[in-house]
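Let me begin by presenting the structure, written as structure tokens, before commenting on it.
Order of writing sets the labels: A, B, C and D. Residues in every chain begin at 1.
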Amino acid sequence: MASSFGHLFRITTWGESHGGGVGVVVDGCPPRLALTEADIQPELDRRRPGQSSIVTPRRESDTVQILSGTFEGRTLGTPICLWVRNEDARPEAYTEMASKFRPSHADYTYQAKYGIRNWQGGGRSSARETIGRVAAGAIARKILHERFGVEVLAYVSQVQRLKVSIDPDKVKRADVERNIVRCPHQPMAERMIRLIERVRRAGDSVGGIVEGVARGVPPGWGEPVFDRLEADLAKAMLSLPAARGFDYGSGFSSVLMTGTEHNDALRARGGRVFTKTNRSGGIQGGISNGETIYFRVAFKPVATVMHEQETVDAQFRNTTLKGRGRHDPCVLPRAVPIVEAMTALVLVDHAMRQQAQCGG
Amino acid sequence: MASSFGHLFRITTWGESHGGGVGVVVDGCPPRLALTEADIQPELDRRRPGQSSIVTPRRESDTVQILSGTFEGRTLGTPICLWVRNEDARPEAYTEMASKFRPSHADYTYQAKYGIRNWQGGGRSSARETIGRVAAGAIARKILHERFGVEVLAYVSQVQRLKVSIDPDKVKRADVERNIVRCPHQPMAERMIRLIERVRRAGDSVGGIVEGVARGVPPGWGEPVFDRLEADLAKAMLSLPAARGFDYGSGFSSVLMTGTEHNDALRARGGRVFTKTNRSGGIQGGISNGETIYFRVAFKPVATVMHEQETVDAQFRNTTLKGRGRHDPCVLPRAVPIVEAMTALVLVDHAMRQQAQCGG
Amino acid sequence: MASSFGHLFRITTWGESHGGGVGVVVDGCPPRLALTEADIQPELDRRRPGQSSIVTPRRESDTVQILSGTFEGRTLGTPICLWVRNEDARPEAYTEMASKFRPSHADYTYQAKYGIRNWQGGGRSSARETIGRVAAGAIARKILHERFGVEVLAYVSQVQRLKVSIDPDKVKRADVERNIVRCPHQPMAERMIRLIERVRRAGDSVGGIVEGVARGVPPGWGEPVFDRLEADLAKAMLSLPAARGFDYGSGFSSVLMTGTEHNDALRARGGRVFTKTNRSGGIQGGISNGETIYFRVAFKPVATVMHEQETVDAQFRNTTLKGRGRHDPCVLPRAVPIVEAMTALVLVDHAMRQQAQCGG
Amino acid sequence: MASSFGHLFRITTWGESHGGGVGVVVDGCPPRLALTEADIQPELDRRRPGQSSIVTPRRESDTVQILSGTFEGRTLGTPICLWVRNEDARPEAYTEMASKFRPSHADYTYQAKYGIRNWQGGGRSSARETIGRVAAGAIARKILHERFGVEVLAYVSQVQRLKVSIDPDKVKRADVERNIVRCPHQPMAERMIRLIERVRRAGDSVGGIVEGVARGVPPGWGEPVFDRLEADLAKAMLSLPAARGFDYGSGFSSVLMTGTEHNDALRARGGRVFTKTNRSGGIQGGISNGETIYFRVAFKPVATVMHEQETVDAQFRNTTLKGRGRHDPCVLPRAVPIVEAMTALVLVDHAMRQQAQCGG
């Protein structure tokens, strides 16, 4: 188990989908930051089940409690423990999973690795684990905003075949939050919502693409050669359940261009260097260059579907299994705050690393 | 600077493209492994400049020397320092770079971050740094082969618009090595070679896709929730110069399927569990499931082109710069052993982590 | 803040003496270990305030709750979060500390470092933080006992000038627990108890020495050159509040001998190597040699005394302060389980590291 | 093997006493620091064999070479690889060690751990490994001096029974370097030298105590709860070959005082807080308080003596072994620069950590 992420702003998540709850310890947070539960809860609410008609109808308030690390509304510089109690646990909904592995879930691999697993709701492999990430990310985002003027946001740009091109320099969070699918292009959002509703009625699921953006990152963040900014972002995103791919800037489509077409010309104005195009996605040589950072994360369709599927039981006998219960037909709307959280966690860690070695 | 990678099989690379050389320290290698320079040199030869007509004609033998960590041809369990001396350094070829930033290179960002840079040949941001990775990767691959029966390989599947579909279960290293572009499909390889030669003559460059494969990985490798196997592979790949994207298994194309179409049915035979399809790319819930692991890495076209481009000088004045000297028109053939090396480094580290917590 | 300890069996403690409680996250625990609160609580009871007439009379049950990481009474291999709620918090007892720094406490240095501090009961610098260590140590000790046959124990060998020589090969935990000062030599224990009671009545405090012992450690644990077994033990012990010194084996007294006198002759019998003497304290070259490991930890007298002392207030004006409230006149009896916990944490981490690199 | 030390200013040493040489990679060094071999060599010269009549007469120049990380005499912020070639290797002097374990050396434990060892001169367990530490420490010391005004020094205060009390606030490096035993009290130094010469003639060895001092450390360095400044110093010192104990401030003798006697009264003058006494050794609650940091390290007598001793051979048969060759009768004079180096490494790492979290 590797439950920690980050070097200087370091988080450790804990908890299973059923049991005492889920949470996170944040170690290394700068002191004297104003922080109460009210800074964190709104992000958890964006991630929460039951928030709209296109996500799982499970009912959990996901109320966060700060157990340590603050005093009189400010951070102490000591570890911040955040806890969200499990509420709507229905282990009985999972009894069939005690003896059968769900296809394309982590049931079989957890069993193979650990020789034991909490089969209730996926246990540790449940997306519920991301609550700790979102809670910690809310703190990271606050630091980025207050101390560095950096803005982080994400949005849905594609659901199955429905896709739209969004300008990372101009997209606004208000537009993202305007609809329940979190796509800032309203007409496309409506089509996406209809698609997801149709897929849900069919007992099936769909995937798509979330794009992440960071604006205002100064030149100099990123630690070559291994902790390049894009490498840490890639790791952060691929550590998310259901994530299948990551690219940044021109990404996979860069391979279709020649070098002459692809290069970002450098220009200077008023003592500041900028690039005329931004195919580099704000990162060159693993280090931010001051332009907008943007990237894409592919999420596969949710593995739980309401159709009977071939699988294997705990005694390694062939059998079948049909999904039931309350599930997301599409993780993307709830993945948006998670992608934002991971982005903020990567960036604040790199801000502190830059400060440590090069003095900010 | 973050020059270390891995937790238990931990490498630290060092060196710039000009200076005393480049190298790597490998700490945590299991003891009593047979190891001499002859185990490492062939991998460096696959990465070497001047190896064929479609790579840079620079002439460096890249001869590796083991400075520590072995005794009478076996590893001691102590740190292994590997060193490759710089030979064909021509700092004078780079004098213009002393005062100008090359577009889409790391010149400007290194200067912004550190306030200083070795402008000779890109210094630390040079792809020459990957020599240490390939050297260490040769050791990792040997351990994987001898102790775990795991085979790692990579190949070129796309150069610009020329692409071919390769079966990761069947591709053979001999076929990859049969041609200088390292594409196992011979007719396509010939077309790719002609394309690269044409691009080179035009003073331009192209990118493409390298696919990586690991066969024989047992179920249970990978450390959720942050060091999921795919997350560490993504980080490893995105830490490579010119890498722009990563996906594994069904990857970005997974978003076009429904869950019902996408899921890998589980089946059992002879006490062993397998999946009927392998859209999961051998990894479920961040842990290997025993199937073939496969993934793609997108490399952008090389930034150095022989045309005049807009850029900025060290005093932040607008100017132009035209690439010269000896450069790769396409990094892909040489990227193949590098992708293999990083894959092997990730896997051997996870093998050891699994052994540590779960006893192998 | 550096709230994590260990590499493979990694703990992260959190919490202040006043607030939501204190706890620990244990990441990397082997799966399938039988574990309930009943395995942990007895160790917390040995550390608890109010357990005897010579420790602080504060009343806290220090009841531990497992929030994650187990299922049906067994560890899952996932992070184990342990939580102890704060009960007998009396912030009003500390109001004077809001504006004055207690001499030889951490009040001034926390303020200097973080620019903020929780002045209630010492906040994070309170010895209450060690609850998380003791709870995690109980798990570590269980693994050592069940999987490696290793026994860890500690005892008080000196209180101020009262000291006794104990044979680390023969001392028994039952004898240690026979009296409230935790000195296995009963007559000396009685004298120590009387001394502590006298010191308490005088409103003063005393320090002393705790000795730690590990028996049954196989040859081969310890990771030169930096994570030598003695180096990690030294760090573990000096990370404890009030610890002032550490030595192992012949320790500081080794300097009085010549090499000829000091060396431990090696002998073999029945295919097993042993030393005739054990001045090396079971560790040679940073690696266990199979003999009993033993070491000493010096604890200074508790800083809180009931006499008026010169100090400084928050505005850096000279003033005086007199300790009040409920304090330990001597930390040693309660330090015994803490020293044991840290010893167990170091050893289990090294057992896992040895397994990872050398296969156990 | 754990060959790395430090978090932000991170060193990785490599090399055995026989083979290609010994060295270190320093990762995380701040950029733009003036640095050439001339900054490092003097410290290696203080550590070098053959420097005086009371150390081993082995002849090695220990000439350092910077292989990477600098450009035009300044650090780049990239990893600095330092290399010292092995010169006076006489493997034939160790042939008996190929088949016999030297008592109180690391021969047996390395064999037990790794199942293999380089028996030539102790291989990795040789004190020659500390060359990398001293070389890296020279850089750390330069940063401390130039950027923080911190002065680090060490000296011999005791050789066997000959001891002297030195004031850590007043001792000067010039006085330490005035004599070959590196004791700043000249009359005592002469007695120590005579003792060591006598011991050497007798074919024996002696140990003693080195004291380390850091002056000018500002309040706020140190990372509770685990990486307390004294904990990291303890680990650094106990990671040295032959080190047996560590204490700081009042250390082991603190146990003889009462709290009232022991506490350091706080006083303020001119907006600056100081302590009237310094029994805390400059560290309170794990964090520097602005006073002089001082500590002691006990070194056991060297294990190699010229007398026949009982031991065991590689087949686990009882035999005898008599030391020969060129050895130090007392490591202390050469340990002084090593203790200084480790102190500087700990401090510069903590300076950077403080800068990262709290902004300097």
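Assume a residue touches a chain if its C-beta (ideal position, glycine included) is under 8 Å from a C-beta of that chain, and two chains touch if they have at least 3 such contacts.
Here the structure is a predicted model, which is why all the values come from computation and not from measurement.
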Chain located farthest away, centre of chain A as origin (C-alpha): D
Selected pair, greater C-beta contact count between A-D and A-C: A-C
Euclidean distance of C-alpha centroids - chain A vs chain B, Å: 26
Gap in Å, rounded to a whole number, between the CA centres of chain D and chain A: 46
Distance between chain centroids, defined by C-alpha means - chain A, chain C (Å): 39
Of all residues in chain C, the ones touching two or more other chains: 1-4, 13, 28, 31, 77, 113-115, 124, 353, 357-358
Complex contacts: residues of chain D adjacent to chain B: 1-4, 10, 12-16, 19-23, 25, 27-28, 31-32, 65-71, 74-81, 83, 113-118, 123-124
Residues of chain D touching chain A in the complex: 7-8, 28-31, 77, 352-353, 355-360
Footprint of chain A on chain B - complex, ascending: 1-5, 13, 101, 103-110, 112-115, 124-125, 129, 158-161, 199, 204-209, 219-228, 230-239, 241, 243-252, 254-268, 271-273, 275-276, 279-280, 283-290, 298-305, 307, 309-312, 316-318, 353-354, 357-358
